[in-house]
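The following pair of complexes shares a single chain, chain A, combined with chain B in the former and chain C in the latter.
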Partner chain A sequence: MEFFVAQILTGLANASSLFLVACGLSLIFGVTRIVNFAHGSLYMLGAYIGYSLMQVLPGMIGFWGAILLAGVIVGVIGVAIEMLVLRPVYRAPELFQLVATFGVILVIQDLALIIWGPEDLLGPRAPGLRGVVRIMGEPIPKYDIALLVITPLVAVALWYLITRTRVGVLVRAATQDREMVGALGVNQAWLFTGVFALGSALAGLGGALQLPKGGADLMMDFNILPPLFVVVVVGGMGSLPGAYLAAIIISVLNVFGVAYMPQSTLVLMFVVMIVVLMIRPYGLFGREEVAGEHGQAGEPERPIKPASDKIRLLVTAGIVILALLPLYGSSFAQVLTTDILIFCLFAASLHFLLGLGGMVSFGHAAYYGGGAYVAALLVTHAGSPMELAFILAPLGAGLAALVIGWVCLRLTGVYFAMLTLAFAQLLWSLVFQWGTVTGGDDGLINIWPAEWLKDTTIYFYFALFFAVGGILVMRHVAHSPFGYALRAARDSERQAEATGINTKQVQLLAFGFAGMMGGLAGALFVFSKGSVFPNELEIARSFDALIVVFLGGVKTLSGGVVGAGVFKAIEDVLTRFEYWRLIMGLLIIFVVILAPDGIVGSLRKAARRVGGLKAGGEE
Partner chain B sequence: MFEVEKINSFYGKAHVLRDLSFSVPHGKVVALLGRNGAGKSTTMKSIIQLVRPASGSVLFQGQQMIGLPPHKIAKLGLGYVPEERRIFTDLTVSENLMVGLQPPRDGAVTWTQDMLFDLFPNLAERRNNRGKALSGGEQQMLTIARTLMGNPRFVLLDEPSEGVAPVIVEQMAQVIKQLKSEGLTILLSEQNLHFAQAVADLAVIIEGGAQVYFGTLQDLGAHPEIRDAYLAA
Partner chain C sequence: MKRSTFLKAMIATATLAAMPVCAVAQDTIKIGEINHYKRMAAFAGPYKQGIELAIDEVNAAGGVLGKPLEFIFRDDQGEPGEAIKIAEELMTREGAVMLTGTILSNVGLAISSFAGEKGYVYLASEPLADSLVWGAGNKYTFRLRASTYMQAAMLAEAAANTDAKTFATIAPNYAYGKDAVAAFKENLLRLKPDVEFVAEQWPGVFKIDAGAEVQALERAKPDAIYNVTFGPDLAKLVRQGTDRGLFEGRQVFGLLSGEPEYIDPLGDEAPEGWIVTGYPWYDLQDGPGGDFVAAYQARWDDYPRVGSLVGYMTVQSIAAALTKAGSTESDAIQAAFEDLQVATPLGGITFRSIDNQSTAGAYVGTTALRDGKGVMVDWAYKDGADYLPSDEEVSKLRPAD
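Moving on to the complex of A and B:
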């Protein structure tokens, strides 16, 4: 019993930061309809800034002052982000906004690295709250008690602001109908900025407040996202009481998990989420969201037609030039091209899901890395021959996609995106934590291809065959009745249902198929490198693919492939710089703002403007 | 006071308003008449800039509205009551009114919640009810009251009689007359000629987004052929 109470108290204390951060995310989403994927970065900044302030401000007042000040500073940073990055894209489809916030993540990652360095910083203890108190004989850190008091106070203050003040009334009104609020004379721009400031400040506060229990490190931004999204999804997007309750449930559960089943804490969190979603699809206190725009962008899509003869010729020529590479290219060029081919396949598989299916998956690396790990695990633990592992890898990834898709497809729009990301991160954590099987951070090595494939040139042809083949298969599926059904489901679920299409089933199959293709890319990858590490499952990897699709243009079939080529080229140049993330992030933000149609889309538009391009032709 | 000149508005490629012109004199009620789909709501939206006209001009107190954001227009004293009502269903009646609140304005009545509850007694009893609990008629009153909280000089009323019970329509007519007597200028869109005749001084009739009549309601009475051609029975 004593132990039980102590565990609950610890859980409640841990819920504190999570609640603050989740509240911020919820508030921002409610009013601006933007899921701020950079919210974790603001949380991380809160921790770093709080840390630095605590170094200079002395004593108890200094400590608490530093926390408050960290919140304020992060709030100001939030304002800057809102005004510079988000204002230009409020009217853009949600995918653009999400990609823009990802650009912000990259920029903040490098800025934090530049300012605070790569070492993890250990959070200072709170002056005057160093020891423990005994509650029913169990030691409880004094700082935990302080958090137990602070969190409800902040919650009540927020509740008062939202329910009892005119600002709160405006926020709630804007959550429902921003345009009408504007027509009544309220400047939405400032309302948005204000809410963004508040939400960011809460994230910063959360980051600074957890310092004595943890610290500050460069992984905080991504690490907070899964619990954060789970809390928001479980509690219901936009609901503060929901966020509070869910943060407590998740944190308490986590503490008990650590005590009784230390390996399973992450899984436990997802089990809770799945159970809640089964019963209440929009969370405990949430209400149904109007589904988002499903990744559609700008003007209506031109019908996708089979390629014209000219294009066919061009593509064939391209493939031939590629195939002749060993005649004129070095073996290094062949390795590099193999990388690009694999990446093209991976990006094309996401593009299939996103462009054709309208499903904005933020965790597509789960299937790419998943495929790589399936193959590597089979080779390492079952001594499977390479050929068998290579065949089973896409199947395994596809199966995982079916299971994950089955859960995620209960939701749409941003909820869907958040869930896919959370699942990908779950897989990453499993691989990372389960070292005895997966090798953890050390990865799995010595995963070489079969004897007959060992030669670089032969493997290049092997990859060329499967990458081009995979892309052509996806193209083929896009033009099949299944592809049409998928697009119908994307454009209007109701109309599609009316014509007898089982939209959910079609989407699930597409999700599984895209996962399988991602897995194929992963399998090609692992045998080309001979090893695999958890970073193939990372959020960053998912975002790579997403950026590529976005760069190429969501609405063009060739977008994924073109984007992948350009991305790899840019990456190749940028990664030579120490702070390439910063440059990449800025680049993404500029593209989102300046060329929202992507490369292929913008080229096409330019061509039409210049030459009055006849009705299409290119794919 | 208010002048629309040759505006053209589009939804995508659909040309909805065609060179539409009319004016609203200070202190008058002008009825904007036309069949369903004629472009009445689009005219309203083109004034408040929820739809941006491709050409033409919208002058309010001599100032160009085209290109201004809606909140600036509202701040100039131009109130908009949308056809779909668009009340905030999760907010209470009182909170809905709070959203519309603007500072007092010269030459306009300064409304308070209590004054509005006098004007719409039904709302008074429901002041702490959420918007979604209101009846259609009550919602219509609330959307008007909410706009009045901004102390406007000029109000766009989009089909206030649509879909409400006859007693409420009667009440709406009384309210409009009272507002007019207090100096408010009103542009009222209507399909119901009867209602328009009860409250309006002038009428604009539009068909296919173009003006087909602009004059007094009395003159319109003398031209039954126009009435029959462009207005539903």
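Moving on to the complex of A and C:
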């Protein structure tokens, strides 16, 4: 019993920081509909700034003052981010802003490294709160008790702000219907900025408040993201009580997981998230998303049409030039091009899902890495020949996509995206954990192609054939009746149903097909590298694809491929410089602001304006 | 249109990437060094400084084979796929004669597999995974640093000399943590069959919930604790454990916990009385170990970390191998590494031909506080050769070349 109580207290204390950061994220999403991936970075900045302030400000007042001040400063940074980076792109397609926030992550990572250096900083102790108090004989750190008091106070203050003040009324109104709030004469821009500032300040506060329990390090930003999103989604996006309850549930469950199933901690929260979303598709306190609210923001999309003869000629010429690469390029140029081709195919498969299907998957790496793992497992454990493994890999990935898609398609919009993320994480945990079969993080190695394919040039042609072939097949599917049905389901589910299209079935098939193409890319990858590790299933890999698809242009047919090609090539150049993340981040932000329709979309628009090209031309 | 945009980008890349290559004179011997300079900046920085110090010394003494030695440093972002691409570029375009580097085991394993396939020599300097030279070993991959198994065996020996009967372990939940616990158990049970392991805790790496872990360890009431966590996880564990009295009256064994990289960030909260592996550079004054510390401090105005030492020894090993090979051909270098003897700050080490593992060892000592900093006292250097399994066992572990 004593142990039980002590565990619950530990869980509640852990929930403190998580709640502050999560409610900031929830608030921002509720009002601005921005999925702020940079929220972890703001949390990290809070920790670093709080640390620096505590070095300067003395004593107890200095300590608590530093925490508050860290919150305020991060709030101001949030204002800067909102005004400089996000405000120019509110009109862009749905979720486009998340790419901008990803650019912010990269910039903050390098700035933090420049300012605070690479070494981990141990958080200062809270003055007067060193040591423990005994509760029923169990030692509980005094600072935990302080957190147990502070969190409900902050929660109540927020509750008062939201339910009892005019600002709160506006925030709630904007969460429910932001167009209406705008129509009633409220200055939306300032409301958004204000909410972003508040959300950022809460993240900063959370970062500073956890200092005495840990410290500041450069990996904090990514490490907090998974639990953060789980809490926000389980609680219901935009709901503060939901975030509070979810933070407590996740933290307390985690404490019990540590005690009774020590190996389970990697997967536990994702299982919770999946279970909750199965029972309550919009989280504990979330509200159903209004159809059309997402997905089709901005101007309506132009219908796609088959490429003109001129463009076909250009593409053919491009492929021929590419195919002649071994004549004029070095062996490394072929390796680099193979990498880029594989990534283009991967991005194109996500683009198919996102652009044509309107299904935003945050976990597409599951199928890319899944395909790679299917091939590697077959080679390692069944000794199957490379050719067979290569054929079965996309099928395995497609099958996995069908199963996951079947579950996820019960949801829509951001909840759908989050559920795909949860499944990708689950798959990652499985591979990471199941060392005897998958090799854990030591991966599967010596997965080389068959003898006749070993040569770099031959493998280059192999990759070229399958990547270009895969991309062309997807393009062809887009123009087939199936592609039309898919777009109909995306644009208006009800009308599509009325014309006799089984929209869920069409979407499920598309999900499986995109997964299969992702798996094909993964199979090409594993045999080109000779090994596979859980990195290929990570969130970061899903985001890689997501970012290039958005930057290339969601509402164009070739956006995914162009974005992937351009950014993979730029990355190869940039990583040769020391602060390449800073440059890459700024570049992403720059592209986001300058070309809110993506590279292809914006070029097309510009060309149309100039009148040099007919509509549909893409250069 | 998509292809042409894509091609333009390709050509731009190729031109940009080709520029530095042309600028470099061709009369040096180049070594390709791949590391996670960004992702693991705190470790890769001192490592690089160790390399640069050693290169200066080698070149001041006339270089190797009559040419200056040159390292090409490249960042792989901690991604195995990226590392392989860079390895390919270094070997086929930059004219590197062999590869070295990496801290993360998975990246090391990826490069090792690539090196074995292509017949390039790879000296894995820092990755600790046992499988690198055993289960997944190949002819072309050599490893410099004392592996997980060796360091865990050193601590197991120390643990067998205490009265502790029941042990609890806490290790990050990934391959390194699992290997470290398995090796510790295997060696301790061999030395002292009556010990009992009463709890195993597996926090996610860098995701520790220290309060809960400490409670779970406390509940098992072990005589002693074996810790494998490191970095921010270690800091959190130490703070929560100290606050909650977990370490009172318990002997703690900490793998790598005495390395400056891990104990220094703890400042005056560094745990006292833990038996750890690490690097007591502050006590090294004489002999090759002391000379290295003095030279490093003179060159960099900073003190050496374990990474610095490993970087320095990497260059020493490569220079020795090239000299012995008398050539820059891969197979000659590979042959030279077999049974290669190198004089290093740790003393003489040998790259064993049986498994390509060097006999570099580690320092084992007890932690204490000195001037508000964690240090190792009563330390002794343990030769790696004494902490490896028997030759028959190694042959069983390692696939035939």
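Heads up, the rule we're going with is that the second predicted complex is superposed on the first by the 530 of 619 C-alpha atoms of A that agree within 3 Å, B and C clash if a C-alpha of one lies under 4 Å from a C-alpha of the other, contacts with A are read in each partner's own complex, and residues count from 1 in each chain.
Quick note on the criterion: contacts are C-beta pairs under 8 Å (C-beta built on N, C-alpha and C of every residue); 3 or more make two chains touch, one makes a residue touch a chain.
Note that this is a predicted model, so its numbers are computed, not measured.
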Contacts of A:I61 with chain B and chain C, given as first, second, both or neither: neither
Partner chain in contact with A:V275 - chain B first, chain C second, else both or neither: neither
Chain B versus chain C as contact partner of A:A183, first or second or both or neither: first
Partner chain(s) touched by A:F533 [first = chain B, second = chain C, both, neither]: second
Partner chain in contact with A:L170 - chain B first, chain C second, else both or neither: first
Where chain A meets both chain C and chain B, residue numbers: none
Chain C partner contacts - residues on chain A that touch it in the complex: 3, 6-7, 10-11, 13-14, 113, 118-122, 130-132, 139, 141, 144, 213-215, 217-219, 223, 254-255, 258-259, 262-263, 265-266, 311, 314-315, 317-319, 321-322, 329-333, 335-337, 339-340, 344, 432-433, 435, 439-443, 445-446, 448, 525, 529-531, 533, 535-536, 558, 561-562, 565-566, 569-570, 572-573, 575-576, 578, 580-581, 599-600, 618-619
Touch list for chain A against partner chain B, complex: 166, 169-170, 172-173, 175-177, 179-188
In the complex, chain B residues that touch chain A: 48, 50, 69-71, 74-75, 80, 82, 86, 88-91, 95-96, 98-102, 146-147, 150
Sites on chain C touched by chain A in the complex: 1-7, 9-10, 12-14, 16-17, 20, 37-38, 41-42, 45, 74-75, 77, 79-82, 84-85, 88-89, 92-93, 105-106, 109-110, 112-114, 116-117, 129, 131, 136, 173-175, 178, 200-204, 206-207, 209-213, 215-216, 219, 231-232, 235-236, 239-240, 243-245, 264-267, 269
